[in-house]
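Right after this note come the structures.
Both complexes shown next keep chain A, but they swap its partner, so chain B is in the first and chain C is in the second.
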Partner chain A sequence: MKESNAALLKSRWISWGPVHPASGQLRVLFDTDGEHLLGAKVDIGYVHRGIEKMAENRFFIGVIPMLEKICILDASNYDLGYVRAVEEIHGVDVPERARYIRVFMCELNRITSHLYWTALMAAVTGFYTILMWAINDRELLLDLGAEYTGQRVSYIYIIPGGVRQDLPSGFKEKAFEFLDYFEQRLKILYDTFFTNKLFQMRTSGVGVLKKEDALRLGAAGPTLRGSGLKIDVRKDDPYEVYEEMDFKIPTGERGDAYDRCMVRFHEMEQSTKIMRQALESMPDGPVKVRVPWIAPKGEALSRVEAARGEADFYLLTQRGSKPYRLKISTPSFKNLYLFSHISRGHLVADLPVLLFSLDPFPLDADR
Partner chain B sequence: MPKLEVEESIVKEVRKVFPSVEGEVDREKRVTFTVDPATLRDLALHLRDKQGFDYPLSVGGVDYLREGKFMVVYHVSSSSKKVVAAIKTFVPRDNPRLPSLVDVWEGINWHERETWELMGITFEGHPNLSILLLQEDWDHEKWGYPLRKDFKGVED
Partner chain C sequence: MMQQIWDLILGFLTSKYFLQLFFIPGIAFIGLFTLIVVWFERKLLARVMLRYGPLHVGRVAGILQTLADTLKLLFKEFIPPRKAYKLGFYLAPVFYASVPTLALTAIPFSPTWIVYPSDVGLLIAYAVIACTPILPIIAGWACNNRYTMIGGLRIIFQDVAGEIPLLLSALGVVMLSGSFNLVNIVNAQSRYWFILLQPLGALVFFISLIAMVERVPFDIPTAEQELVFGWRTEYGGILFGLTMFGEYISLAAGSLLFSTLYLGGYLGPNPFPGFIPSDFASMAWILLKMAVMVTVLIVIRGAYPRLRIDQLLNLGWKWLIPLAMINTVLTMLMIYFFPWVGGA
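On to the complex of A and B.
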């Protein structure tokens, strides 16, 4: 609940944020007895931009750049979710080669997003060297994305009917070169950070989310799988060419912060595998088909597994050039709801670990 | 195994228990039910307890200004059957009230709250219908609900 500042000053709730205290633009409110948390809750809405409303006043293609700003760390997945909804309404068949490029870009973004999270998680647990390493490796991966699209983070390359351009010549070699390098880096990250005794002590047993609670409370993505549930849209409701890819869904057992962290780490390994397969089995051919500007009347629910979890795009159209209604359900919105549940009975010092184990992105929650 | 077997059996089972509910298979892994507000809760409980729809995805409102009604869509997924059900219900624009489903799927708490503050649909029995995304002093009486089609924007 948004309490006015005057009311907050009188209450016992201590406010962490919303002016970026490393938490992002959200506010964590907590009540303590000494250093024990009596309760904690999250207050979102400080970066609400009304993207669902703005989408109703733009042409179908003009919505895409805006959607990337929901979660700029993970742009391709959000593009794909919306674009697939548009394509379903039009009944368009996308060329095979474009599907492989889409999968490649989505997995590339999954790794960049997880690396960004690794950096934040390392910072809040005191591993500043790992922060530098993760950001550096992410930068190299962004360079690879820029080699293809010309942009570092905001690609706008997945469009209704395919992708904007074909891969440039010599791209595959560069990509394989990066993947060789990155697989070695992942091993080093595993040895120095993810199996580090200090990191394990800070995260083990913190913020336990039981299997049944995870489902009931509607957790998403690595947070859900950290609790031992094998739920992943890429397997359950396969889209593009994920059905042909050989990969595993990493899951945790205890559902604590450590398990959630390890799920994200293993997902990076699986994503490199998928990127390799996508490049190797990519057929030749065209990468886009024309999609008319005017959409027929229709509706579609498109689900994608973004880096933070499942994002749902529910698109309704009346005959016209703009969406009638676009409802976006984002993973951070689902996961931040859990925060007051998982923070029960912990210490104030655990707050950053609790928060970042959910990998929240306030812009993603607010839309 | 013939295609759409699971989807068709879900719809058939629901139609047997609730003859008034319209149900159809949209495509693979998608079913839609259209229900009147009075039966909404019973259908939700049936889907959760008997059909394994245990994982809520989203709640969204749609404004049909010309027809004078709102549509509210609940999307829930089944972790065992891997099917998503859309539950649609219509409420009149001049009295948009629905029973809250928070006690059925706790995870839709914030989703219903958002639908209330942006679309103005009251979920009766919701534990905390208060401002979540909008600014804390948003005046619904004066400025209205942003996602409605007749929302004009806010004057300074």
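On to the complex of A and C.
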């Protein structure tokens, strides 16, 4: 049977993307025998912008808007990583209130990012209703962000020394109102999408990543935790005020696509919890301190848990107003590396599910 | 002389053949049906998805959007792929749109309003349904593209898995009514609809019907995220329009067949017997039942993701076919012990 199929279709590499309804700006090359995948590999680099090099020619503060574009869905987390490296070099102590606002914004971005992923995951399984629902709910979150920063997506609000402005009056009430609403929406999403029988059939048992493979191949973020490993920078190496927050690290058991999906869903729940706590226990006080333009000579490494996993920023400075070298290690790059491993022995129909269970963002991988 | 010609023309225009060809179930019906159902599907799905859907064209709720889209498609250029087999590429969508309309000839819209009255009407409908999958396979092969080829191959698997339970499940209806004649089948339901006597058979028929008309959750051959657009990837302009047209005609034929077999077909009370001709009332009833079926199919599209091809094959071979057989045995027992249930 297999032989005759091969004779009919021959064995050949098929390009899936970069111009394809579901691929994004990356290319998957796959080899098939009828419906069976014989092999698949990811080809990235279509949206490489050389952000690390560009950062060397800008003032410290001017790097921030550019860094947000690495992963625009998750802007605050990338800001925070870089800003913390700058602060470490200057030795600045950030006001307490700014730390809480930062945590609030980071978790808000984690939810927007995960909601966007929910929409994509629904779309690749052919479930367009959830695509629309998730995008609708994300819209409200963007409005909440705009209420504070005046921008919907690219906030540029976390700066060395704190945050730009204090929260506007009446913001807390609006935020609590949104959180009440969003918790109910999450329940509805859980009932209609994450526990949908057909969605479970599509994702469970697909793309199994075992614990030891996840460690060996260097998985990051929810993909890593989906394999049952409790690794999260927010708990392991707490930054800002995460140690004062009460939240759990959701993990999976079998390490298949469904577990990765559920980890992301539970992370959204935990993020709403963190947002609530950050708003409730936020002290009064200033939100920024002055940071000089000229940085001393030094080097700093900062780790943050972005929505897709750990992002590392290594900053090397000579005395001057611009970074000497900025090295960014992004989670999508680490996760896309897993693709050829987890796609072994699957069908062509599993291809989008496999890819999007890793939550890849090509811009994030290419930088 | 003039009077005679006039009578001849008038006689032809009011004859049943003319009306059947141009109105129900002819050109006017299929044209209007596709125009309205595409708009209705977009509008209803939009409601399910919490958005508006078509809004501007035609002033009232975008009702002329489909017409505008069709006109746009008509003015587009045909661009066949360079290595395509041109004859197959051009003809496949034309036949894909026209073959399913043949299934409408077997459907009774009233006891007498039926284009091709036959004692084996059900088998004619099935024969037409069995013909349609060949055309996507030809199209997928003729385009000479990897994605279209995989889409075409998927159709083979899907239709084999869907068609057998579709045939087997209707066997119960045939046994109860004792006839392959669709008019007899409908008349046998004058006491109660067969969906009450055959719930299992109706369920199996319904699921295999969704697979046969390739709608969510079984739109596997055109799976957009995997195969770009399956076997239709290379089609543009009105050739693409024709493939969509064929899909919606299949939907109409499938819904009509389900209504005929399980929902009592054209049967229904005539509110003003003297005022409304009984043919009209019958047509209204079967079209109403069809509309209900179409609505159900559209809502299903909003409520489920797509299955994988191997899961569909599992469903077809391991569940639907055995269930259809169980249904046949149950019907036999029912007829043996309670002979009065059937209409025969």
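Observations
The working rule: the second predicted complex is superposed on the first by the 354 of 367 C-alpha atoms of A that agree within 3 Å, B and C clash if a C-alpha of one lies under 4 Å from a C-alpha of the other, contacts with A are read in each partner's own complex, and residues count from 1 in each chain.
By our rule, a residue touches a chain if its C-beta (ideal position, glycine included) is under 8 Å from a C-beta of that chain, and two chains touch if they have at least 3 such contacts.
Only a predicted model underlies this, so the values are computations on that prediction, with no experimental measurement involved.
Clash-free side-by-side placement of chain B and chain C is the outcome of superposition onto chain A.
When the shared chain is aligned, chain C comes close enough to touch A:34, but chain B does not. In the superposed pair of complexes, A:156 makes contact with neither chain B nor chain C.
In the superposition on chain A, A:352 makes contact with chain C only, while chain B stays out of contact range. Residue contacts after overlaying the shared chain place A:53 against chain B, while chain C stays out of touching range. By the touch criterion defined above, A:14 reaches chain C but does not reach chain B. Looking at the shared chain after the overlay, A:199 reaches chain C, while chain B stays out of its contact range. Legend: residue contacts after superposition of the two complexes on their common chain; A:123 is shown touching chain C, with no touch to chain B. In the superposed model, the vertex angle chain B-chain A-chain C (Cα centres) comes to 130 degrees (nearest 10). Once chain A of one complex is fitted onto chain A of the other, the partner contacts of A:249 are absent, as it touches neither chain B nor chain C. Superposition on the common chain places the nearest Cα atoms of chain B and chain C 24 Å from each other. No residue of chain A touches both chain B in one complex and chain C in the other.
Contact residues on chain B toward chain A in their complex (touch as defined above): 29-30, 54-58, 60, 62-63, 73, 75, 79, 82, 84, 86, 105-111, 118, 128, 130-137, 146-147, 151. Across the complex, chain A meets chain C through its residues 9, 12, 14, 20-22, 32, 34-35, 122-129, 131-133, 136, 192, 196, 198-199, 201-202, 347-352. The part of chain C that touches chain A in the complex is made up of residues 45, 48-51, 146-147, 149-150, 153-154, 216-217, 219-220, 223-229, 302-311. Interface residues of chain A, counted against chain B in their complex, comprise 1-4, 44-45, 48, 50, 52-53, 215-219, 229, 231, 236-237, 301, 303, 310, 312, 314, 316, 324-325, 327, 329, 333-334, 337, 366-367.
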